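Note that chain A is present in both complexes that follow, paired respectively with chain B and with chain C.
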Partner chain A sequence: MPDQLVYAMEVTLNGLMAGVMYSLVALGFVLIFKASGIFNYAQGVLALFAALTLVGLQQGQVPFAHLINAVFGTDLHHFGWHLPAVVAIALTAGVMVLMAIAVEKLVLKHLVNQAPIILFMATIGLAYFLEGFGDVMWGADIKKLDVGLPQGISETIESVTADWFGYGFFIDNLDIVATVVAVALVTALTVFSQYSKQGRALRAVADDHQAALSVGISLRFIWVLVWSIAGFVALVAGIMWGTKSGVQFSLSLIALKALPVLMLGGFTSIPGAIVGGLIIGVGEKLFEFSIGPMIGGATENWFAYMLALLFLVFRPQGLFGERIIERV
Partner chain B sequence: MKDMSEGYVTADGRQIGGVLMEMKNITLRFGGVVAIKDISFDIRDGEIRAIIGPNGAGKSSMLNVISGFYVPTEGEVWFKGVRRGPMKPYQVARLGVARTFQNIALFDGMTVLDNIMTGRLTRMKAGLLSQALWYGAAEREEIAHREKVERIIDFLEIQNIRKTPVGRLPYGLKKRVELARALAAEPKLLLLDEPMAGMNVEEKEDMSRFILDLNDEFGTTIVLIEHDMGVVMDLSDRVVVMDYGRKIGDGPPEEVRNNQDVIDAYLGVAHD
Partner chain C sequence: MKSKFTTAVVTAIALAGPAMADLVVPNLSYRTGAYAANGIPYADGFNDYFTLLNERDGGIGGEIVQVPECETAYNTEKGVECYESTKGMGALAYNPLSTGITYQLIPKVTADGITLYTPGYGRTSAANGSVFEWVFNYPANYWDGASVAIKYLLDENGGDLAGKKVTLLYHNSAYGKEPIRTLQALSEKHGFELQAVPVDHPGQEQKSQWLQIRRDKPDYVLMWGWGVMNQVAIQEAVNIRYPMDHFIGIWWSGSENDVKPAGDGANGYKALTMHGTGMDYPIYADIQKYVVDAGKAAGAGDMVGTVLYSRGMYAAMVIAEAIRKGQEIHGTSAVNAAQVRDGFENLEITEERMAELGLPQFGPPFAASCTDHGGPGAAMIQQWDAAAGTWNSITGFIAPDDAVLDPLVAEDSAAFAAENNITPRCQ
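Our next item is the complex of A and B:
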């Protein structure tokens, strides 16, 4: 087999796995957009906040330590415990649910029937608030997140591919785990939305608010539910990205990676988010591999957006969206 | 006027019960527009009550007040002898009030079957956790609901479109599916906003038959808005007539038809 082809295969595989991460973030956007028509600018910050909370809880950090010390002249930092990862993750999921309830009570409830742009603005406000709140609560320093996920190059894959192709693929164990987790998450979400009472209500709200009200669905309950789920998806994304590159402000920028995915996949399609993420992941890795060296590299910064723009021109409704023709 | 507090017997011999719902001095304003002006009337258990009136009279607004979509500016709503506080539509629905919409509100992305299944939501018990932990019970519940829904599908003669996405159906069938979804909730009170608008004669006849049959078989109380006077005469036991937000007539169809105010309103006699 020619070397170039084997390299391309490795790049594609890596791209698929990077794409899974993008899909995960895009999924959070789609869930909220479908159920409430809100483009949640805060989705990336949710992931950051979830990761911060997870690290803080796991390491027994005292929340608001800086603030408390400044006001009371104390010198608190740690409770002195170290929680097992599973417990910390469960607690963080609980915190994300509380946050969903707070968002509904303090923000959304007061903005019922407002124009989408107002709601969008509210989520921008929420994003900046949460970013600052996260800083005050857990401190602004870069943190290491370790919930025991395997990291480093997978030796199994390296040796197997070496046998097959005479060249060992470098695939990160973490990427493999992320892929498995993402597939499990999407499967669970699908089963939930297809077969549970709440899932059915969720689909109903996503389809038609008036009709949903008439069959006895509480919109407010559904909002808390989708924000909880989006918070949980953000937590999963936060764990993966945080493990990979540390928990710091830049983690919230993964949301920017989700935007092109949404343009590609459409804002209301869950399969769209997944396939869109994969296309962008593979596309940007292959482009960097094949064209990058000719034009000086660093194409990954802009390739996704260029691809999405091209796509918008030819298929504005996204991959799976239906073309809407205005009735006249 | 004769005392009807213990109910009455209709022209076709059906026994109508006591007051199920009572609207007392309802007024509804939208900014400067007064959609409903100090209207009172009651709805008896088991009857078919029509609301008629020219365009913009406030009929849909009244239905929206009953179903909790609009909160009246003034006045009281009594249901089963209890005064109803300000309620959200989903709370009213959970009390056993189901409705259809003048402009059809269906879940276009779902199949006919799934649409009708959402009508069962108020009747589904299983919580989030128990569904996850005890799959068997959730499955049994789902099957029981499916059986109820299949009966409604048979009743409304829509077996052949069960798996069709609702968005693709013609108008007349959409109206029928919307009725099916409302029926799936096994409502005590069913509100129909122009269930026959835009239908051809044959479809209207079908719909009329369904309404009479379901009132007869399940004893469902029905409030119905309709423009076609022939249909109103055939179906309803008592009629409320609205014009410019006011009530200008209330009684059995023959009586209302001969009321001078009603005749004037329909002939467009100038209002002073």
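Our next item is the complex of A and C:
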């Protein structure tokens, strides 16, 4: 088989894997937009905050240590424990639920019936607040995140593809785990929304706020629920991306990789977030591989948006989004 | 009532700003945003050095140094705002730790008559003092770094790089593109094959780049990265099992922050450095006594001795020595910005002086001049020991290949002079 074709296959597989990583971020946006019509600008920062909290709890870091030490003249830094990853993840999920409650009580409750742009602006404020809050709470240094996920080349895939094609493919074990987690997450979310009482209520609110309220569904509870789930999804995204680069404040910028996925897949579809992620991932990687070297490389960021725009021209609601028809 | 209010406001402004007689060196820092993890130790080192001088020596020449800090978040527009908002305080010199901000400030400082000091970053050709009167970038710049890296590789390969493949992995920005021209010239001279691979900001996703490196199998990878790009690149290099001792970063890709997230896999990674690191310098005892223990440290005191803290401290030390030189030349302790510029231009840092400052063998000795604002350009190679968690210098200071660099600096600065109608001085 010609080398270029084999390389293109390797690039395609890696594009699919990268797409899954983008989808993990995009899922959080979709959940909140679907349930409340809010484009949550803070989703990337939620992933950062969740990852910071996870590392902080796992390593026994004293929250607000710098502030406490500065005010009281103490020298506190660590509690002296190292929690097992599962416990730390569970506790962090709990923190994300508490944050969802706080967001509902302190922000969303006061903005009921406001225009979507007002709610969007509120999430911008929330993003900046959370970034600063995370900084004061856990510090801005880069933290190594280790929850036991495997990283590095999959030797099995390398060996098998070497036998088949004469060239061993590179697939990162972390990407394989991310794919499994994404499949499990989407399955769990689908089962939850289809078969649980709360899931049905969530879908009812997504379909029609007014009708859902008229049958006794609590909008406030739904908001807490959906922000909690989005917080959990952000935690998963934060773990995957944080394992790759360490937990640091640039983690919030992963939201930039989710936007073209949302534009392409649609803001209201969970399968759309996955399929959109895969198309963006493969598209940008193949373009970089085939055309990038001719035009100086570094094409992925803009190509993802160009691809999304191209889809928008033909399907403004995205591949799986709901078509919005407003009658005058 | 109105006059009381006005008096109160005027008093508050007067108290909030530096006293008129103080020496003012603004710190355009970034403690927030995507690059905060690097900005914080650098800013701490910068501030702590001036605090040490104030607390131990009563300032410089008897004048207290004020270091008003302004947050840029590594954003060029904010950096310019910071400059505009602090220059009226009587600023003597700026060190914005950003090549993007530096490019914007060069015409401004030239018009305002304030020194811009950019050690190891910024516009490389600012080393030509005959064109860039108000900009200094000693002891080394990006082109020096590129040349030193290649000289080190020459040493490693018996003086011959012919037929070798060298990949430059660079941040796709003004900063990252700086060494390309030099490396192209060096590749022509030494016969190695150069491939430049860009990574877009912020560099969180580098799969394509590392698949390409894995396919191309370069003999060496050089990296011009910053922030998360460094951590991801080092992790990806570990993932594809690239030999870490063949992977060399510029000094902005060689801090503890860059290697620790990759754990043991980063062991053996190399980086350039233009100064020493670690705690084996007498100055740290004074910083502990007069700054940290006195509760006057800029941060929590936990960054002392790290690579970026050391670099911020070094930058502050050079500025302090330039102020001291300006005072000496003009016979006054209350120097102004123009007098401090004279101090920068006539600055001589000897090994004896470095030892007096508590920093023996920390940086290369150099002497600036009207034409030479760039210094010797020498740098060391350090290597990461993951088990010990330390950087170890594995070479002495290596001088760059000036035969290649001087014409490039002359060409670039001449172009700048032509674009800006600058008549070169002191030639």
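Criterion: the second predicted complex is superposed on the first by the 320 of 328 C-alpha atoms of A that agree within 3 Å, B and C clash if a C-alpha of one lies under 4 Å from a C-alpha of the other, contacts with A are read in each partner's own complex, and residues count from 1 in each chain.
Methods note: contacts are C-beta pairs under 8 Å (C-beta built on N, C-alpha and C of every residue); 3 or more make two chains touch, one makes a residue touch a chain.
Since we're looking at a predicted model, the values are computed, not measured.
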* To do: Using the overlay on chain A, decide if chain B and chain C clash or can fit next to each other.
  => fit
* Asked: Does chain B (first) or chain C (second) touch A:T74, or do both, or does neither?
  -> neither
* Asked: Should A:T187 be classified as contacting the first partner (chain B), the second (chain C), both, or neither?
  -> neither
* To do: After the superposition, just quote the angle formed at chain A by chain B and chain C, using C-alpha centres and rounding to the nearest 10°.
  => 140
* Asked: Can A:S159 be said to touch chain B (first), chain C (second), both, or neither?
  -> neither
* To do: Please indicate which partner A:Q114 is in contact with in the superposed arrangement: first for chain B, second for chain C, both, or neither.
  => neither
* Examine A:D207 and indicate which partner it touches, taking first as chain B and second as chain C; both and neither are also allowed. => first
* Looking at the overlay, does A:Q4 come into contact with chain B only (first), chain C only (second), both, or neither? -> neither
* Among the partners chain B and chain C, which is in contact with a greater number of residues of chain A? -> C
* **Nearest Cα pair across chain B and chain C, whole Å** => 36
* **chain B-facing residues of chain A, complex** => 195-198, 200-201, 203-204, 206-208, 210-219
* Asked: Which residues of chain B touch chain A in the complex?
  -> 67, 69, 88-90, 93-94, 98-99, 101, 105-110, 114, 117-119, 121-122, 124, 126, 128, 131-132, 138, 142, 181-182, 185
* Okay, in this complex, where on chain A does chain C touch? -> 7, 10-11, 14-15, 17-18, 21, 66, 69, 73, 131-132, 135, 140-146, 151-153, 170, 172, 241, 244-246, 248-254, 257, 284-285, 288-289, 292, 296-298, 300-301
* **Interfacial residue positions of chain C with respect to chain A in the complex** => 31-37, 40, 172, 196-200, 202, 204-205, 207-208, 210-212, 214-215, 227-228, 231-232, 235, 238-241, 257, 260-261, 263, 265, 295, 300
